[in-house]
Amino acid sequence: MKRRVPLTIVFIVSLFMVIQYFVPLDSWAWMYQYLIDWTIIIGVFALLLGIWSLLRVNYEKIQRKSENWQYSIVTLLGLFIMIIVGFVPGWGNLENYTYQHLFYYVLVPIQATMFSLLAFFIASAAFRAFRARSALASLLLFSGLIIMIRFVPMGPLSEPISEIATWILQVPNLAAKRAIIIGIGLGAAATALKIMLGIERAYLGRD
Amino acid sequence: MRYKCIIAAAVLFVGLILPQALFAQEDAEVPDSLLAEVQLEPPPQPVVTEGVDRPNDNGHKLTVKWKYPEEGVDLIEGFEVYRSMSPDGEFQLRGQSPADYFEYFDIGGVDKSDPDYMANDEDYYYKIVAIGKNGVSSESEIGGPFQTSGQVFHTGKIPVLIGVVIFAFFTVYFISSAKKGKELYVRPLAGIEAVDEAVGRATEMGKPILYILGIGTAADIATIASFTILGRVAKKVAEYQTDLIVPCYEPIVMSIAQDVVRSAYLEAGRPDQYNDDMVFFVTNAQFAYVAGVNGIMVRERPATNFYLGYFAAESLILAETGNSIGAIQIAGTDQITQIPFFVVACDYTLIGEELYAASAYLGRDPLLLGSLKAEDWAKGILMVVFLIGVLTVAFGWDGIRELVRVNL
Amino acid sequence: MNIFEKMVALDRRWVFLFLFVVVSFAYFFRNSFSVDVVTTKEVESIYDFIEGAEPGDKILMSFDYDPSSLAELHPMSRAIMLHCFRQGVQVIAVTLSQYGAGMVEEVLRDVSAEAAELYGREVSYGTDYCFIGYRPYPAFVILGMGENFRVFFPRDYYDTLLDDLPIMHRVRNYDDVKGVLSITSGTTSDMWIIYGNARYNMPLALGVTGVMATDYYPYLGNALFGLIGGWKGAAEYEQLVDQPHDANRGMPAQVAAHLTIVLFIIIGNIGYLMSGRKKPKIGV
Amino acid sequence: MEDGPTVEIIWTTLAALLTVATFSFLYKDNPFYKFAEHLVVGVGAGYFAVLLVLTSLKPKLYDPVLAGEWWYIIPGILGAMMWFRFSRKLSWFSRYPIAFYIGTSGVAIPLYMYNNVFRQLSATLDLSVGFGSLTAVWGILIVIGILTGLVYFFFSKEHKGAFGGVAKIGIYVLMMGFGASFGYTVMARVSLFVQRIAFLESWGVMLKNYFS
């Protein structure tokens, strides 16, 4: 019951997923959509486990007065406010004033700023790693640098640089991508096959 | 294995035989032809020739074709296409076609509630009206019945099917030959060898280990591969009695990771050392998660960071922050856009397929390595196909190129 | 620690600070100085293509993006259309993106009004441009238009028969337009290559988002005669048609940022070579 | 719902301060960043909890079941089995929904085979490879690059001798590709930062207009 049934479920569902790819019938498309709905529904139920975990971690921090425990209050407050205003019937749910404003004025700006930190990290990473340390690193440096310099007006040098940049994008860049993509395809298909056949089962844990 | 075969056969039976039986076609009846009203100087009459079902789809679409005399083309504005479910029923306008184009692709709705709905395996009759430039039109005789139907097998995908079957055969063959005790050589991968070493280093420094499973779902192959590696890392961690931090982005991934880590501690003989707070949920907003993990990094100062799984733009933010705290970083993802950033910012990167290889390598069961041999064989065959294909194309023969083409 | 060793071990926060200041400065004074954008061949060839067209030639422009990528793709759409209107090239617009229709309508209206003002002539619907609308199943639509535009679009977006539009007179399929430009943020770019160019062999060029651009370079010279990638490509086109706008205004900050990064890479390398250190490394 | 100017200023100021607090992480960890970080984690989790329940669970489970589509009860039961994890003894029940979830990964087998293998193969053969023109030469180089790249990914053969040499060329090709992708991405990342400055600028303008 603990291992055999789950492995059988994996096998049946996987097999269906493989076969449906080749069957264009309506009935199969419907079944596929129905099963995808299952994953969404299971995902939402699992959310409670996530929220519970978040509550527990932060509650324990506050209770133990461990370092930075005060900030855990902020997390819990944010969580509770969103959940309360979002779920209380008659408060407008997704259209609720607080829910929407916390989204637009807290979640969006912090996330967008976090994302924009990439401009800085891409610079520091380039500074540190783009060094002519070995043949390999020099190639990385060379093609990265050419593509970046393309942006900068360089007078008569601009023309040949842009030619080389286009060549790099057209030839080695493409070859590299295709080789990696094909490798990933085979690796993923092999792993998915092992999962389907129950050979790869680390996700079930032991006992 | 045997009961799997039985189940497979059952699924195949239900899937392939049953719809055939349910949707068996009946013989169509021959319609009465109707004479179109003749007026003064009407353009020539179109003649409906055929209604062709599009292959390899779920039905609900039909191409109706007709013939029209050459001399008539200049006399007309275009055609109107009408459809009905019975020869003497009401015909509805489906669309127009230009004067010199003698077919119409009738796309019906798939859903019964759709007013545009077009049923599979039912008779449809078509009537083409040539609209004369002089305002007089002439109607074709009713054509039909035509039927549209869904296909059980998509023939355009045959190359994929063959690929899957051959590959599955290789995989199963090499795994079973590994089971029989055949030695399989696997070349060393720097990233894999670094895993154990990195755990040891953290222990010496008395610092924790951070393991990030990425932002994929538990159905992403990269995430599943990462679970296997997590199992290995967690076992080492338990043996060395180091701390492990696994902040998660997705609750199901978190649940599975908890099981994996708990099992690893059990296996290492220290089940009492495990607690659920090692593997916890942060948040499922992408950059909020990044903010949280960054905070953990700069405060807990892990000695080693693992980033294995599905990653998007956050890869470089995490890896650079990790670098700034001096952690040894081991990364691996199948997201091609993120690999360059890991390569630049981490100490070891498992590039694409190497992630799956690492998962097979570090799994508990060495037999899993058989699949690597299968992948190599597939690569070898592909390289041959590439070479022959390119050569034949260069010499002007398209046979191979068309053979491997998938027509969706 | 000598100067070179310091260059190698430079605290990354100096990089951050420098970048922050330089980019902010370039952004705030974006109107005070302009950057001469280096134009690339792949963009120039689209410009030359339209420049070489006769007044009255027609271009099919497929706007295959939706409002979410408007910010990145609108500048190039605008620049190309202005160029067409300047040359008297007629634009037949279509969209293969489900949420594109309303947006395309707006884009066409704005750009035609702008062109009318710029070039002091009337740019009117039906003669200078038209919008034939949206149909689902992009692959079918691309194939269908290869036979005749009227197969999927007997009437335009405003329900006028195509034959009643002067611009569509005697225009049947790709053979009757000078070329096809697809501005796209999704997979329709592949479909234009596979179903459009491979089958009907019409001149095809793509305008794509910056992230997508690297994937389409290999098609240059065979399936594609030109390619515009993201803001940089749009800025080049704006400059070629001499209509600097949004994309060009973003360029000072971009050039400053790229220059800063290149500068730091050079500093790092000089320091590295002169000090003879072996760290750091890349991880493969 | 429309905010008055004062209320809007207050909200926008909050957003601007949080933006600055997040940027402060570039210097080092500090109380402002900690505040922003902890706030966004809580708000983010709450936001998606509400969103997912109302936009996924309701239309996919609650509504269909009420409308008589009883078969949607099955995934509901499966989902509820996840909650057995709250009990240590019964937690193994959650393996059923997890197994189902993992099972859907089977779709990867044909999908990867098509997208990653056959499509790449066809796309490569569609390039104009041949003799005579420069593009044809590049076409041949691309094929050589792909083949050497694939050799690099061979696991069951030691990278030694001629084979090792080919693999080495392969990793060189990969490196050039990585450099190119990296360099090309700078543009997109810088525009993200510019957008944040633009936001701060618009906040400044808003403040100025409000107080004058």
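Worth a mention:
Think of it as A, B, C and D in the order they're written, each chain with its own count starting at 1.
Keep this in mind: a contact is a pair of C-beta atoms (placed from the backbone, for glycine too) under 8 Å apart; a residue touches a chain by one contact, two chains touch by 3 or more.
Fair warning: this is a prediction, and the values are worked out from it, not measured in the lab.
Common neighbours of subunit A and subunit D, listed by label, are B, C.
Ranked by number of C-beta pairs in contact, the top chain pair is A-D. Computed centre separation for the pair subunit C/subunit D is 24 angstrom, with centres defined by C-alpha atoms. In whole angstrom, the spacing between the mean C-alpha positions of subunit B and subunit D is 16. Averaged C-alpha coordinates put the centre of subunit A at 28 Å from the centre of subunit C. Multi-chain contact residues of subunit D (touching two or more other chains) are listed as 22, 25-26, 34, 36-38, 40-45, 47-48, 82, 85, 98, 101-102, 104-105, 108-110, 112-113, 117, 121, 124, 126, 142-143, 146-147, 150, 153, 171, 174-175, 177-182, 184-187, 190, 193. Residue positions 11-12, 15-16, 18, 21-22, 39, 42-43, 46-51, 54, 68, 107, 110-112, 114-115, 117-120, 122, 124, 126, 128-130, 136-137, 140-141, 145, 148, 151, 169-171, 173-174, 177, 180-184, 186, 188-189, 192-193, 195, 203-204 of subunit A each touch two or more of the other chains. Chain contacts: subunit C has residues 12, 16, 20, 23, 211, 213-214, 218, 232, 254, 257-258, 261, 281-282, 284 touching two or more partner chains.
The touch graph of the protein chains shown is complete.
Subunit B contributes residues 157, 159-161, 163-164, 167-168, 184-187, 189, 217-221, 224, 252, 255-256, 281-285, 287-289, 291-292, 294-295, 298-299, 337, 339-341, 343-344, 351-354, 357, 372-373, 375-376, 379, 382-383, 385-387, 389-390, 393-394, 400-401, 404-406 to its touches with subunit D in the complex.
For subunit C in complex with subunit B, the touching residues are 12, 136-137, 140, 144, 147-148, 150-151, 154-155, 163, 172, 211, 281-284.
Every residue of subunit A that touches subunit B in the complex is listed here, in rising order: 8, 11-12, 15-16, 18-19, 21-29, 39, 42-43, 46-51, 53-54, 56-57, 60, 67-68, 107, 110-112, 114-115, 117-118, 121-122, 124-126, 128-130, 140, 177, 180-184, 186-195, 197, 199-200, 202-207.
On the subunit D side of its complex with subunit B, the touching residues are 22, 25, 28-29, 33-34, 36-38, 40-45, 47-48, 82, 85, 94, 98, 101-102, 104-105, 108-110, 112-114, 117-119, 121-122, 124-126, 129-131, 140, 143, 146-147, 150-151, 153-159, 174, 177-179, 181-182, 185.
Within the complex formed with subunit C, the subunit D residues making contact are 26-27, 126-128, 135, 142, 171, 175, 180-181, 184-188, 190-191, 193-194, 197-198, 201.
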